[in-house]
Amino acid sequence: MAEEFVHELRVRYGECDPQGIVFNANYLLYCDVAFTELWREAVGPWQDMVSRGYDAVVARAELDFRAPARNDEVLSLPARVVRLGSTAITTEIDVMRGAELLVAMRARHVCVATETWEKTDVPAFVREGLGRFLVDETQTA
Amino acid sequence: MAEEFVHELRVRYGECDPQGIVFNANYLLYCDVAFTELWREAVGPWQDMVSRGYDAVVARAELDFRAPARNDEVLSLPARVVRLGSTAITTEIDVMRGAELLVAMRARHVCVATETWEKTDVPAFVREGLGRFLVDETQTA
Amino acid sequence: MAEEFVHELRVRYGECDPQGIVFNANYLLYCDVAFTELWREAVGPWQDMVSRGYDAVVARAELDFRAPARNDEVLSLPARVVRLGSTAITTEIDVMRGAELLVAMRARHVCVATETWEKTDVPAFVREGLGRFLVDETQTA
Amino acid sequence: MAEEFVHELRVRYGECDPQGIVFNANYLLYCDVAFTELWREAVGPWQDMVSRGYDAVVARAELDFRAPARNDEVLSLPARVVRLGSTAITTEIDVMRGAELLVAMRARHVCVATETWEKTDVPAFVREGLGRFLVDETQTA
């Protein structure tokens, strides 16, 4: 049974566009923030991993925009790991306003060695930490 | 035979992250810029369409990150329409450094009426303009 | 005796530049966030004021950069009103890491009527709310 | 007699806020872009200087907001050096829409050695290059 993780943030005025809604690229920024916080909870501060010689880079991102978020709204971003491959980590992060799903995001990160910047196996301490937030993907449809 | 459209831009320092590369969310910003310029070439300034009672919102975006762009690099962003549905427009926008594909993006916009903010048919003047940049999707693999 | 107000925020990765520090323009974004939160505490949500026919626009900003903030750091931003003129509001907002002053900012906002977008007197409910956070400027050197 | 330098840019949709105008922090981003282009013209690509062991950091910025820029407008940003001190460089950059001054910015950069990150004298090749764009400050009021 996966642990639940939710990050909360408040929409900033400068993140909204002339339509009065969050500019689409900023959801990818939110995604990065929520992923960082999930990582902190699961593994520790991102920089600790980098100090140990590992980093992770985004290989793919998908965003489905259902409804807009507006200035000053407090949003909740539940995040879960849906696949822990040998070198890749797939997460799903939703942007919710209360019970309403605004944007559904899915990102695949690839683990790299900071020395060579080459793809490398997800190290055990990362795998163990993220494993607590791994959901059976067949349940997440 | 589709017309070709390419937008060029230079990476700004403030768009790069501590890894020295363009922060991932900023590619979605680049995508929006290139889409706006494609629109200008195909249909006219975005605001003209809004004045006529139509707008378009992003419904879905996909980004494949192959290699990073760096500060101060001049990038070219070829953009093409790959599907012109009744209410939706799908475009593919690449981020290239010379002949190297760095990021492949695909976005689906939906046409809305500015009065009701409801989905509406792509108006004829938009369809006609974008049609010049419509490629047969089976050729775009 | 002025009430104290401090807003806290964590530096986001995407706000940092290739030097690994917060990109200079983002301090002005932080300034806007802290000002909005000061306003919430003093007057209420910004949008409430707009609904009552008033808005405020930045007329001048000054930033002194003493030391850089880094990724993932939690910063505190004490904010205070240093002048409450007839139509203008001057605030000072510091960016602190613990006891260390990183950036000192000063902003002057001007009150406008949303209908005409013309300069107007700071309304009583704003003046009263902000007054609680007004320090005697001669003490703030 | 100083050479003239003007950088042009088009306002991006994502840089505008719910008031439909450029978000205030983005003028500081524009300032950085124009400064980088002035540098390219005067000295060469920024990175060349860094390769030679020098960098420059912003120590102070002032912005006077007179009128807003709007989405899709093409702005011109004349930039000039107003003071070339031993370790500091002061520039003035305006944001113009045609002949109308929208925002007047003034920035002071300090030269640092990349090895120690300590303040250092502006090197001769920078001084020489920027000197061509140095105006007598008494004329710039």
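Lettered A, B, C and D in written order, each chain numbered from 1.
We take it that a contact is a pair of C-beta atoms (placed from the backbone, for glycine too) under 8 Å apart; a residue touches a chain by one contact, two chains touch by 3 or more.
Computed from a predicted structure; not experimentally measured.
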Length of the shortest touching-chain route, subunit A through to subunit C: 1
Chain whose Cα centroid lies at the greatest distance from that of subunit D: A
Contact-richer chain pair [B-C vs A-B]: A-B
Centre-to-centre distance between subunit C and subunit B (centres being mean Cα positions), rounded to whole Å: 36
Distance between the centres, which are taken as Cα means, of subunit B and subunit A, whole angstrom: 24
Residue numbers of subunit C (touch at least two other chains): 13-14, 19, 23-26, 29, 32, 71
For the subunit C and subunit B complex, residues of the former touching the latter: 13-14, 16-20, 23-26, 71
Interfacial residue positions of subunit B with respect to subunit D in the complex: 12-14, 29, 32-33, 36, 45-47, 71-72
Sites on subunit D touched by subunit C in the complex: 19, 23-26, 28-29, 31-32, 55, 57-65, 68
